[in-house]
Amino acid sequence: MKKLIKSSDTLDFIKDGDTLLVGGFGLSGTPLTLLDEIADSNKKDLTVVSNNLGEAGRGLGKLLLAGNLKKAVGSYFTTNRDAVEAWNRGELEIELVPQGTLAEAIRCGGAGIGGFYTKTAVGTKIADGKEEKVIDGERYIFEKAIKGDVAIIKSLKADTLGNLIYDHTGRNFNPLMATAAKTVIAEVDEIVEAGEIDPHHVVTPHLFVDYLVESKYVKKGGVYVESV
Amino acid sequence: MNQSDRVKIAKRVVEELPEGAVVNLGVGIPTLIPDYLDGKKVYLQSENGLLGIGPTPDEEHVNMDLISASKKPITMDTGASLFDSADSFVVIRGGHVDAAVLGALQVDRYGEIANWAVPGKKILGVGGAMDLVAGAKKIIIASTHQAKNNQPKLVEKLTFPSSGVRKAEMLVTEHAVFKFTEDGPVLIEKLSDISMAELREITGTEFKEKIKI
Amino acid sequence: MKKLIKSSDTLDFIKDGDTLLVGGFGLSGTPLTLLDEIADSNKKDLTVVSNNLGEAGRGLGKLLLAGNLKKAVGSYFTTNRDAVEAWNRGELEIELVPQGTLAEAIRCGGAGIGGFYTKTAVGTKIADGKEEKVIDGERYIFEKAIKGDVAIIKSLKADTLGNLIYDHTGRNFNPLMATAAKTVIAEVDEIVEAGEIDPHHVVTPHLFVDYLVESKYVKKGGVYVESV
Amino acid sequence: MNQSDRVKIAKRVVEELPEGAVVNLGVGIPTLIPDYLDGKKVYLQSENGLLGIGPTPDEEHVNMDLISASKKPITMDTGASLFDSADSFVVIRGGHVDAAVLGALQVDRYGEIANWAVPGKKILGVGGAMDLVAGAKKIIIASTHQAKNNQPKLVEKLTFPSSGVRKAEMLVTEHAVFKFTEDGPVLIEKLSDISMAELREITGTEFKEKIKI
């Protein structure tokens, strides 16, 4: 299985100043093992694109406290008080993007689409400075595609080729981010033989996945806890 | 505001939801709605990728990868479906949600909504609010009549940042139900025994009356 | 099951001059029963958006011969000689759209996206008269979203709520078209109880589907033949 | 052209495909490639929504809903996956296909391709050709050296409509293998015993030589 690597190998693919796409919604569907590796490294000036910045001290929240981050692009940071404070102190840049615009921009980044016109946020502060276009009588604003250097995502199950499926709403941004970065590393709970996932049920085809890492977290009482 | 007023608002909003509707519920009072459907079947959509939210699970059945957009554990209804975030906003922005029931900081006399940020305060969260405002077929604002500082929520002109040019269809408070028209709000129902004079007093803009008797 | 209707009821939702989105790739994943109904009706001046125009005398090819069509929007018509001839005689308008642009435009139509910038067809005849934009140093052309009045699609299996799954590459344009029309009618081989399709495996959530029609075709030797 | 020349072209193209590559094959000569992989594993992608085309089925196992982009019955390889047309072109246009092997009507000296339409004739089909040209990581043209009317395929300047501004990396014919550079084509290999003079004679533009001996 040439795609399987150690979690610490993840660091070989990330350079200071890179843009990371990080799957997850809060802590759900989040590559906790890979984030631990980055938080324990001395990577710096990273820009993270993710819906949230994890929670205070958890998931992406660890990277903030560890000083790995320069900028966060996402839709909702209010619930991580560390993020709010770091922003207040001028230690973290934040770019706020409506959730649907964020999802679509990442999808476009992976799809060879340069940008798109959305009706979301027309007439709001988010639209300040953005190009507006009227299409068939409706107002839209232009949003540019988002791409990353490295995507780290979380999947429930991979096959040995790297086909992925996800656990319920743990799917969220993960399949989109898998399309939009030069290097894609998927943290998985389980790896099965190729052919064990019905082709109809594959969510992320293996061509999007460069490397697989086995998760060091196991789910207990519905929550992921470190296994060792 | 006391809980019975919040429940009153939730119950009144339920009357506006057609049987079988696809509904997205914002935070606050809208989250009470599932408990007051009274047998009406609606399909609850969640921004993070689910159609068909079921009842809250007991502790044994919690799965952190089966949560609502407010990151609370949920279950799935019979016939539910799961999808990624891009497809979830195809649903929302594409006009496939029959009704979004949202809270608001302010609503202007034409139904324009401010529900994501307070001026002068750090704005660090928008989530799916603007997508819902832009895309839902019908927007119902479920809110207390006044903010905690007694300022009216229904105002002449927004002083808080707008959530988009698309207007809400309706506002339900503990005192009144308003429909928004091009000429401003129309009171269509009173929900408390407040006097008309008092209602006008605590409302931030003029409104017409067209009340069923 | 309030969504189940007779195939002939389909005609009640289609007006002369309407734009129909029709799922399928050639004859695969095509709503043959619904197309038969339209070909037997006197509907006229329809614009059809579909990858092909079926085959000569089959699928959408029937509508062409029956005189239902004014215009066809799609990516490949060469293999239906009737379409080529009708176009030559000036009896059929044709708008040629690259296949990926067609798929994306329909998806945008269903997604509240007004239009998008694609790198496909830059510098070709297809780009004539289209707005060009340079984004991050690359050339893109603007394409507008496509919407329809009615979508008729084909699914392998529906549940009673209208959740859909598809048969292999019979999926093709069907899930996209289900999002982009005011009325969506799905022809299905089989209807099962709600709950019988795993929520992870649903491809088209029921909220996109207005009506279900049982197919009059059955698959024999891998090919659909009329059952009665 | 005889079949052995077509096979020769297919075999030579196979040498260019890395083990494990994701490959999209156009119509014509490229369709021969699966028979000449000689143990090399590649993953074949099909525009209509499949990664992992397997061998052609026998008649008993034909399913009209499991077909290639040329609408021929296929099977699925172990570990295949299915997706809709929009997602299929995320793969293609988004740069996730390692190599597209395409036929061509003409290729100019810088690798610009004409492969969808003949001037003056009705243009009624483009399919996924332009998406592949715009998006594939590497484009290999597999073609006869000359068209049926003996006109060269490799030309100074396209006279047929272009398929896009993105250039091919390589052209493989029964006589020669060319790489395209900013200075024009470079002959990197001869595949027949044609003389250099004759090769220049039947080629529509000048080329440099950089042949391994």
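Which chain is which? They are A, B, C and D, in the order written, and residues in each are numbered from 1.
In this section, a residue touches a chain if its C-beta (ideal position, glycine included) is under 8 Å from a C-beta of that chain, and two chains touch if they have at least 3 such contacts.
Keep in mind it's a predicted model, so treat the numbers as computed, not measured.
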Required minimum of steps from subunit B to subunit D, each step between chains that touch: 2
Neighbouring chains shared between subunit A and subunit D, ordered by label: C
Centroid distance [mean C-alpha coordinates] between subunit D and subunit C, Å: 29
Centroid distance [mean C-alpha coordinates] between subunit C and subunit B, Å: 35
Gap in Å, rounded to a whole number, between the CA centres of subunit C and subunit A: 33
Sequence positions of subunit D contacting 2 or more other chains: 50, 76, 82-83, 89, 92-93, 134-135
Touching two or more other chains - residues of subunit C: 104, 107, 111-113, 118-120, 166, 168, 199-200
Graph class of chain-chain contacts, one of line, ring, star, complete, other: other
Chain pairs in mutual contact under the definition given at the outset: A-B, A-C, A-D, B-C, C-D
Subunit A-facing residues of subunit B, complex: 46-50, 59-67, 71, 73, 76, 82-86, 88-89, 92-93, 117, 122-131, 134-135, 161-166
Subunit D residues touching subunit A - in the complex, by the definition given at the top: 22, 43, 45, 50-52, 76, 78-83, 89-97, 134-135
Interface residues, subunit C side, partner subunit A - complex: 104, 108, 111-120, 133, 135-136, 138, 140, 144-145, 165-166, 168, 199-201
Residues of subunit C defined as touching subunit B within the complex: 2, 107, 110-113, 159-161, 163, 179, 194-195, 199-200, 202, 205-208
In the complex, subunit A residues that touch subunit B: 25-29, 51, 75-79, 83-84, 87-88, 94, 96-104, 106-107, 118-126, 139, 156, 166-176, 203, 219, 221-224
